[in-house]
Structures are given as structure tokens and as C-alpha cells.
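Here is the structure we will look at, set down as C-alpha cells.
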């Protein structure tokens, strides 16, 4: 099992090495991405097999620190995440075969793409602190190189800087955490950490550090700032990987540390994680609503979905701390299910955004529109993605959020008042986030694909190439399948929850009509398949009946528009105007300012509206930090320009101080 | 060792510290050089006395080097440099003479305190000498850091180095004292040559190149 | 262990010395460069033979033990690669006329003298001899730093000279104090300066004297290590001297000085009554590291930039040695090795870059990965290495330093981590300007052998992925010696 | 046999709601007219209008895409399915387990999603206004609704409407949280159905319309379907309120035809009362400005949250 996986990783690294020579032969794209596709599929199959098999398989290689070696292990959790990672990787590779032809700097992408995949696989199978952090940081490094692929744009260089610093911040936080877990003797093996008993304060500290480390990678507020910078900067398949897959690897890290290594913690960590999740979900979707750059919008939505996943994890923590294992299993299943779902539809959406960017050269929604006609397949797939991410039945996004709600409804069984007070609020935040997400994706799809083209580029657009279309359609199909047959996914997750919280949800696939029943049929149940068929049935029924009994005639005419149709596309509702009501409602979050200047009567000057939004998180935390560093650097910089005499006096001062220390203390 | 011998050694070492203070007190370059000559002379006397007391003949060589080189050659060389380069004759002190003296006092006290912690196991002579030597070293550093003129800084360094030689001589049967003092003389010679080569008039910090090329016969 | 037909230690010392003599007589810089390379190679062979050879018993002056053999092998390797690099570098400098043969008359001889001095400092069994050797190395580098004879170069050399001399004096005072401490126990004469004796008998020395001595030694040799606030000479010397010398300074001299400090640390650790040297080294190391990372931000000269990063890393190494314990010591040794290789490799790259772009001003260098892919990406690799990112070796050592420290002194670890983060920010900012973005600055033709650079980076990369077992066993043994 | 009966009940339910929907709309219009001292249209007028629209040709804007034509069927279908799953005259419907209350709300969400998209499809300014306002309203109404669901689920220990209804029939006594939930639910229902004071189904004054603005470009059978879906939605909410807060007279699962018929009668009465109350409420107040809507719905959300909190806190005791 693990051997096969390691061979896959090795093959990916080999691909990274042959990328440049192959490119010199002029077949770099097919070789690298085709190879990556095959290897990822193999690794995905391995993961699925391990998940089905259930038994953990381990292996250690004499690499890294010799007395430690590099340990690898595939248990249920790792297997599940292997499936997630490699499924996304396979789709991204397939997409890249086509995208590579439009890539402006292919040689800066091809070598690092497989390396990035390999690193993510390594993180998942790592079984000791060293190899975990090694591959974790390798993952950051490879993705940083990919972000820097289009390094000639100033913004991308800045994005790369912020990204790498934040990533290393996370790694160092995790490093400190592992340092605590390992103890002064350096017991870096995960087994040792599992068996070791950790003092409560230590567990708390480790948890905080893990939240900082994994959270900064996953993008929880306020550690999310790099996401909307880095994800759009990278080439679209890489954006899909970073947003859809890498953030999931971060979630894996958190689950591995908190659920697996740390042993049973106190109840309040659940509180913290829940609160973070709720805030992250709502903040993320609000930022996304205010965004007009399609890829930045998607990146912010990643923040939102990470929040939703965190809510599930927090619930699971809280339940587990109170030894309510079935509810914990339910919550954890919901979180992991959402991990899978988000991987699928976020990759799908980024593929779509990438196709749009390739065909039109635009990412700004205000200059797009009407793409549903030139790009039918892309727009259809994108629509499926939008419906799924908006948590609308019968697609997969709804199922995981529904499960989360069911878990929330079990929380009155919790004894702690803090949780009792907090959880309903978090539930409200979750519902709010879901509703806002729907609004946001009406905006995203409506402005980008519907209406009339807002620029010549949008007029001249054409359908994406067949590889991209294939990748998108496959994921669209998965969205529908996972939404209509969720029982199988839940059952597949059973070994994971069994291993982590010592319980599992009741077997679903045996239920009549393949519906899912989290606890008991009398309590709640949902059947995506039947629902899907009902809607399909009644829709076609209505259509057939109407066409047969009533009329089927259809005339084309100019738009009615209350009698004042205006040919200019600029009269359409724009993304900004669409978001305006919500901006009014949630204005304080962005310290939004609207400045309207109305010309005086009889003046022909155009009226203008000027909207300013501020990223309060950045202003509150990151800008001050940057200023502090700059200030210190400026102050200390004088040390470079002293005279020799002053340097001598420094030496002298050091000597005198040390002698004084000797004289006084010793 | 007889108490008398001990007292003389003590006296000479203390004298060296005293002369260091006198160095600190100077505000004219020529006077400074004269006092430094005195400093070197006292040092050579002290070293010679150590040679006599420990009957270590090689120390006489050290004393000789100190006398010939430091007490005579270097002061003369520096004097000529001052004339050749037209360095003006006052010493600009960073802080007032008085403050410098007070700091010097504090340093001496410090060196005493540090050295008196030394357990009586060590030879008493070594102990006393060490505290004085440390004081001389510190005072030399103080001079280097509180004087602006290159020449006075060089003098400071040389007095510091005298402290080293004093310590080395005080260390019973220390090998290579001669070599060390010789090596240091070379070092000092380098510094002095550097002063001259680079036409360092006022400070250590700026070196004047045109002069250098003229010296090397290259006219740019 | 085999017995060699020749005396490896003698070869280690005499080869450079003889080469120096020959090089002063030889004409023509190309020939000199070749002889230089050959001599360095022989020295390297001698050093390697020490690994397999039966170790000579410690004599009055010479000593080979596990500790200094690490430094010897590392040093002679960097010395060899640098001599190869120096050949192409000097050739190019003469073509462009920045250096004339007249200036270079003694360059290669000096280089060998430097090698000799450093080897001597490492193998000497006598604190006085070690002092002499270290100072000799310092003065040699002073001359070589000033070799361009530009105003800045001469000022840098002068600064280095003055501060170095004070360092010399302090170190000597410390040495004398150690002798005075040892003399009542061991007796007069050279014996009281022998390592082997000192370290065996140190328990009976006068602790108070040892304390004072260590303060002076730490400051004296610490000046050469480049610990803040004694570092002032280091950036200018790196920036204004010829790049091979910058590489040697960062790759060797700093280590040699550190070796001296370590020796005395061991000595002090042997005497229970004396104060523990650890905290002092930790303080100075940490302060240098934190100070240096902030200095990285405002640098305009590419070589000065990396010089400050050397200060940072020497700080980290000193910090780790100060923390002590098997893990930290191992990490420090590994970090020192990796840093020597990576940093000298970076200076090789920077030397080529400065020659291709005709400047050292960061503002005039940009988009190297576009214009000179090999140099550009090597620079990226080097910076990634010294930024402590995998898969390169420094990641391993930083992993060990931080994780082992955090369990014992969390606050220190946090400070160190923040320092690392700030430094990473500075390095990546500069890297964005140097290696990425639109190409900037003019382009000069420059063909050079990238072999040394690539060799160094390959080693660092290899060590990051796989450390051979024997090496590790050896390092662990050494770290157990360091206590 | 039982299965067939169950399927039959389910089928009856589906077509019952479909038939009753225009009637309820007509009733509300009628009562409003009466309250305004007008005689008003006959009760069956909505049927006529639907039939007229169905037979008319569809006039499609040039810029309309396939989505614009598919949307009405999707909207109608998902609304219809949602309505068919709400127990009206009998609990324990055959397919009630396919979707619980959360899912039913989500179906309405799907319908709204496509309606908003259709509003933006033609690329007019009014469609955009409608969509953006609709989504803004929904983004507050949905959380409020979810909070209400939480309250009910915590009281009944289930999100399954049949179970809820049964528990309610059994009687849970008077609860503060229940009262709060009722108020919130009514407010949400008003908002969701675009009734006064949130929106005016009768208006065509451009700047005030929300729902009407979205469907401005629709005509013929498409418009008919959307109108029908709208009235279905009204029926859904009324019978939802009825089934939760007035669950009396509903036939239990598997009981014969007689209770079922009684249930139908009871349901008709409930619908009538609901419609009358709605009409009175609408005539008694004026429409509010669009930007005061958030306050209205925010109040609903707070009420729902308060109700849930009360349940959470009291659950421990």
C-alpha cells in the first residue's frame, strides 16, 4: 500500500526532473501533465484501496535524520486525504494538458507542478514530525515557485512574498508545536507522540500552535490574507490545486495533530475552533461578495468553506471531549465530506475561471458577460459548480452542510454552557454564510456568463479546449453523484471516524431507496436521488403537458425592460451594483464609504458614485507589523554607518558590561 | 619572593596605571607622545624587574624591545608623521577630560573587583599585577574610544598593549613573551605605517588615496 | 584505521606553506592560479587522509581529535573549491582590468598562507600557537580585503585591521589569563598551554580567573566570528574584498574563530566552579541573529546582504552551541557545515553575477532567472537554502535547533523563530528583486565554470535529503565531546 | 395495499396543492379588494389568467439564453416538490422521509437561485435590481428560517415535518420559544412570498418591485409557470405554519380514507383563515422602503436566534 504510494511520489518527482529535458524535445506538456494524470489516478486508486481495506500500512526509509529516518504510514485518515488530493491532482493534470498550450511561461510551471503534487502526497503519508514538516514546507516552496511563474507582474511578486512568509510562519508554528509534543529528547515519531501523555497546558499550547500553523495554511480569518493574493496569481490549474487541494492538506494537518496525536483534549478547544469557523465562514463570503475579480472571489470563497469545515471539526471536538462519540462521528463526517465536496467544486470553479481567463484574457467580471453563448459547456459546468457551492439540493454541497446542521441540532446534549450559548450563534452564522454564498454565486455566474458581453474580449470568446472541458464535466458529474448518492461517501468515511473518535455513523448504503439517515429515520433523513428524480420528473411533466395541451410557439423580440430597452451593455446591472444592497447591510465590516456626486440640474456632467472598501484585518494586524519591522530596520540601519571609534566603543562597552556581570553576579 | 621585591614590582605596576591616567589627562599631541614614552619606560622597568625577580633572562629582551622600540622609535616616528601631515596639535576629546578621568577611576575599581575575586591560590604577585594590567588594558581602550585623533588612538592602543605585556611578564614562566611583544611591535609598526600611508590626519575613519598613489609613484 | 606512508598533519601544514613560497616566485597569474588549485587539492587530500589515517598522538604543539577534524575537512574542502572558483574569477577580473597583475602579485601566495594559518589554528595543541595562527589568518585576510585598492576597499581593510587588532589584544589577554590559571596546577612553561593537559586538569584551576579569561576570549575570538556588537568589520570586508575572499571568510575564517571559542567553552565546562559559558554564548548568538535579520532589510549591496546573513547564521550556530546538549550541538555542527557550503556557494554565484552585471548594487540587478537562468536559479536555490527551507540541509539543522530549544527554553525559541521569519522576509524580498521581475541593469559577457557553485549546492541538497550514517555517528560523538 | 394507499395519498397531496395554489391567491386578492371596499375579481380569476398565459406565445428577448427558458420549469418543479412534501391534510406521507424541513427550505433556495439567474440573463437593469434585492432579502430570510427550524427541531427532536406535526398534536404546552418562532416564521413567510410590507405582488412601479422585476422579461407559459410557482410557495408557507402551529385534524399515517377527507377539509379551512389573515395584514400596513427590509428580517433573525438559544439553554434542565 504505502510502497505503491511512495513509488507514485517518486514518479512525480522524476516527472519534475524530466520536465525541462522533455520540454526541450517539445513534448514537455503532454509528458509532464499526462504522466501526472496517470500517476495521480494510480495514487488515488491506492488511497481508495487503503480506505476500503482499512488496515494501516507503514514503512520507514533511512532518509532525513538517520537516527529517526523518514516514516510513512497510510491509515484511514491518510487514505481518505490521499483520495481527495489525488483526485484533485488528476483533474488538474487533465485540465493542464489543455491549459499548458495557453500558458505564457510553461517552463516555469512544468517542473514545479509535479513536485507540488508529490509534496502534498508526502505530507499526507508522513508519519513523523520531521518528514511531515519537510514535505509541508516543500509543498509551500513548490507552490510559491508556481505563484512566481508569472513573476514579471509586480502584484505576483508581492503575492509570492506574502505567501512564502505566511507559509513559513505556519511551518514554524507547527515546528514549535511538534517540538513541544516531542519533548527535549526529540521523540519525533507520531507513534511516540500518540502514546506519550501530554499535560493539559501543553495540549492547549500545542493546539493553539496547530491552529496557527494549519490555520495559516488553510486560511482561517485573520490568517487568510495570503489566499486572495496567491491563488489568483498562480496559473489557473495551480489555483485550483492550491484552493481545492492544498487547503485540504492543511485541514489534514490539523485533524492529524488535534484528533490523532494530541489525545483527548479539553472541551474549550472545540469552542475556539467553532468560533473561528463561524467568523471565518461569514467574513470569507462577505469579502467574496465585494470582489469583482473572478479568481479572487473564488479564493475568498475558499476561506468561507474552510470556515464551514472548521465548524464541523469544532463540533466533533466538543462532542468527543464529552464522550458523545456518535455525534462526534456525525460532525467529523460532515466536515470531511465537505472537505471532499469543496475540493471538487472549487477545483471545478477555478477550471471554469481559468477557461474564461484563457478565452477572454479577463478576470474582472465587470468586463465579462454573456459567455453562456460562446462557451456553453464551460458555463454549464460552472453553473453546476455554483449550485453545489451554494449548498443547493440535489448537489453535494447541500449534503455536507445538511449533515453539519444535523450535528448542530445534537449539541443540546453538551453539558458546557459556553458551547450551548455559542453553537446556535455559529449555526446562524453558518446559515448566513450559505445564503450569502448563494447571493455571491448568482452574482458570479450572472455577471460573468449571463446578460450581454461588456467588452470586445467577451464578445470574441470561444469554447475552451477539450481537455479542459473534460476535466470540468467530470467534476460536474462528481458534484451530482456525491449529491445524489451521499450514502456511499458517508460509509467510506466510517473507518476514518472510527479511528479518530471511536465511533461511526450508521451504515447508510443499506437504507431503503439509498437515503441517508444520520441518527434515526424519525429524526431526520434526506434522499438526494429521489429528490433529483422528482424535480426532473415534475419539470419534464410540466414541460410535456404544457407543450402538448397549451402552446409551444415562441417569438424572439427585443428585451422589454419596462419599455426603455437600451442597447448599450453598460446599462446592465454590474457586479458592483449587484452587491450594493448587501454592502449597505454589512458595510461596517469593510468600513465601506459611498461617495455620490450628483451634477446640478441642467448640467450634462455625469453623476458618479465612488465606493471605498477597507480590509480592516490587514490594517489592524499586518500593516502595523510591516511598519514595525521597517521601523526597526531603519533604526538599526544606522549601525552600518558608524565610525571606527564608535564601533570600538561598542566592543569596549560589551567588555565592560561582561566584566561588570562577572564582578556583580559571580 | 622577598617583600621588597614584591613592593617594587607592585610600585612599578601601579606606576604604569598612574602613567595611563596621565595619558588620559593630556590634551596636546606632543605631550601625549612624551608621556607615552614614559609609559613604555615604566613598562620596560617593570618587565626588567620581573626578569630579575623570576630570574627569567628572556624577559630582559622584552624589556629591551619595550625600551628601544616603544619608548624611543615609535614616539619619534609619530612625531615626524604629525609634522609631515600637518596634523594640528590639540587632542579633541569626545567627553571632557574630567569625565574621562572619572570613568578611568571606575574602570580601575572594576578591574580590582574582578581580579580580587581570584582565589588566593594564584601567586600574589600575579594577582596584583593582573589587576593593574587589566586596569591598563581598560584605560587604553577608554583612550581609544574617547579620543578623536588617529594619533591619540594609536597611543591608546599601544598603552593597551603595554598592559598585555605587563600581564604576560607577570605570569610566572610564561613562554613566548618575547615573541608576543615582538609581534605586537610589528603590529603597531603596521598601524603607524598605515597612518602614514593613508594620510590619516584626523580620524581612523577616512583614508586618503591620492597620497597613497603618490607614495607608490603612481600619479593618476 | 590505516597507517599512512606520510605524516598527514605535516602534509596539511607544509603543502600550503611550500605552495606559498613557490607562488611568490612564479610569474603569470594563470600558472599561479593552477598551482594554487593544485596545492589546495593536495591539502584537501591530506585532510581526507586524516579521516582514514591512524591519528598521531597529541604532541606539544599539534593535536588531531574528532572536534577539529570536522573543521579541517570542511575547511580544506571549501578552500579547494574556492581556489577553483578564484581561478576563473581572477582571470575575468584581469580581463576587465579591475585588477592588474601588479595588484595580484601576492594574491595567491597570500591565499596559501591563509590556508596554512587556518590549518595551523585548527591542529594546534597549544593555546598560544592557536592565538598566533588565528591572528595570522586575520592579518592575511586584511591584506587581501584591500586588494582592489579602491577607497571603499582600503577603508574596509583599515576598519578590519583596527578592530581586528583590538580583538587580537583581547584574545591574548584571555590566553595569558588561562595560562596564569593553569600555571599553579600544571607548572611553568609550555605545558600549561597544552590543550590535552589543560582540559584534563582544568577541574583544579582557579574558576574566577577562568571566568575573566573566557570573557576576554569570547570577545576576542568573537570579533572574528562576527558576533554583534563586534561584527562591524565583517560586512564591509565581505563586500569590498574580492569575492573568493568573501567566500573564504564566510566559509572558513568564521568557523575557525568559532572553533577557538568552542575549545575554551569545553575548557570552562570542565571546571564546575567556573560559571557556565552557555548562557553567555546563547545571549550573544541570539542578539547577533536578531540584529542581523533586521540589518538585511536596508542593504543595497548584494555581497553586504549575504555578509549580514552570515552574521545571522553564525549567531544561530553560537546560540545552538550555547544551548548545548546532544541535539543542539549536533544541530549546530550540521548548521555550521551546511552554512559554510551554502554561503560560499552563494558567494560563488554572487561573484559571477557581479561580473555579468558589472555591479554589486542590488538596484541594478534584476530578473536573473530570465537573463542568466543558471546563475539566477542557483541564487534562488542558495537563498532558499539559507532561508532554512527544505529540501536543503539547513532546514534539518534549524528543525533540530528550534524543536530542541522549545522544549527547554520556549521564550528563546520563540524569539529565534521570529528572527528567522523576519530574515526570511528580507531575503525573499531581495530575491524577488534579484532573480525575478523584469530584467534590470546591463549585461556583460562572462563565461565561468559553475562547477564549484553547483557542487556546493548539490552537497547541501543531498545533505537535506540524506545524511550518511557514519557522518552522523561522528557528529554525534563530537557533540557528546562538546557536552 | 398500504403502499398503494400511501402513494395515492402522496399523489393526492401533490395535485391538491397544485390546484389549491391559484385559489388561495385568488382568495387573498378577493379579501383585500373587499377590505378596500372594492368588489374585486372572482375567486377563480387566477385560473383564468394562468390558462390565458399558457396559451399565449412566448416572446423571448434576443439576448435570452437557454437558461432563461429552462429556469421556469426548474423553479416550478422544485417549488412543487417542496410543497408536495409539506404535510397538508395528512402526516406520514409516503415520501416525507426524502426531505426534512431543512431540505424543503433548500428547494425553495434552488428555485430562488434560478429565478435570480433568469432575472440577470437578459441583461437589463430591472432584472438586475430584482435579482440583487431578492438575494439580499433571502440572505437574511434563510438564516432566520434555519433558526426557526432549529427551534422546532429542538422541541420535537426532529427536523422531519411529519414527526414535528405529530409531536405538536400530542401537545408540547405553551412555550416562549415557540411563540417567538411563530412570529419569526410569519415574518419570514411574508418576506419569502414577496408580500407587503416587503414587496408588493401587484406593483409595477419599477423602483419598488423585487419579484416582479425579476420576471419582467417573462411572458406566456413561462410567466404562467412562475406565477403558479409563486402561489405554490404561498400555499407551502401557509400549510407549513398550519402543520406546525395548528396541526389539528390532520390524518395520521396509514389511517383510512375518512380521516384523510376530514384532513382535507381541515386544511381547506386553515388555508382560508391563513389567506384572510394575510389579506388583512397586507391592507393594514404600507410597504416599507427596500433598505428598511434588512431591519425587518434582522428582527426575524434575532427572534429565531433567541428562540433557539432559549431551547438550547433550557434543554439542559
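Order as written gives the chain letters A, B, C and D; numbering starts at 1 within each chain.
Methods note: a residue touches a chain if its C-beta (ideal position, glycine included) is under 8 Å from a C-beta of that chain, and two chains touch if they have at least 3 such contacts.
Keep in mind that what you see is a predicted model, and the values were worked out from it rather than measured.
Ranked by the number of C-beta pairs in contact, the top chain pair here is A-D.
The chain with its C-alpha centre at the largest distance from the centre of chain B is D.
Averaged Cα coordinates give chain C a centre that lies 79 Å from the centre of chain D. Annotation: 70 Å between the Cα-based centres of chain A and chain B. Note on chain placement: the centre of chain B and the centre of chain D lie 100 Å apart, centres being C-alpha means.
Chain B and chain C, compared by their mean Cα positions, are separated by 32 Å. Shown for chain C are the residues that touch two or more other chains, namely 158-159, 162, 166, 208, 212. Counting partners per residue, chain D has no residue that reaches two or more other chains.
Residues of chain A in contact with two or more other chains: 644, 648, 651, 655, 659, 662, 666. Every pair of chains meeting the contact definition is listed here: A-B, A-C, A-D, B-C. Those residues of chain B whose C-beta lies close enough to touch chain C in the complex are 114-115, 117-119, 121-123, 126, 130, 133-134, 137, 141, 144, 157, 160-161, 163-164, 167-168, 170-176, 179-180, 183-184, 187, 190-191, 194, 198, 204-207, 209, 212.
Put simply, chain A touches chain B in their complex at residues 643-645, 648-649, 651-652, 655-656, 659-660, 662-663, 666. Against chain D, in their complex, chain A makes its touches with residues 369-370, 372-373, 376, 383, 387, 390-393, 398, 402, 405-406, 408-409, 411-413, 415, 417, 420-421, 423-425, 427-428, 431-432, 434-436, 438-439, 441-443, 445-447, 450-452, 513, 515, 521-527, 530-531, 534-540, 542-543, 546, 549-551, 553-562, 565-566, 569, 571-574, 577-582, 584-585.
Residues 94, 107, 110-111, 113-114, 117, 138, 141-142, 144-145, 148, 153, 203-205 of chain B touch chain A in their complex. Listing the residues of chain C that touch chain A in their complex gives 158-159, 162-163, 166-167, 170, 208, 211-212, 215-216, 218-219, 223, 229-230, 232-233, 235, 275, 280, 291, 294-295, 297-298, 325, 327, 367, 369, 384, 387, 389-391, 395-396, 399-400, 402-408, 410, 413-414, 417, 420-422, 424-426, 428-429, 432, 436-438, 465-469, 472, 476.
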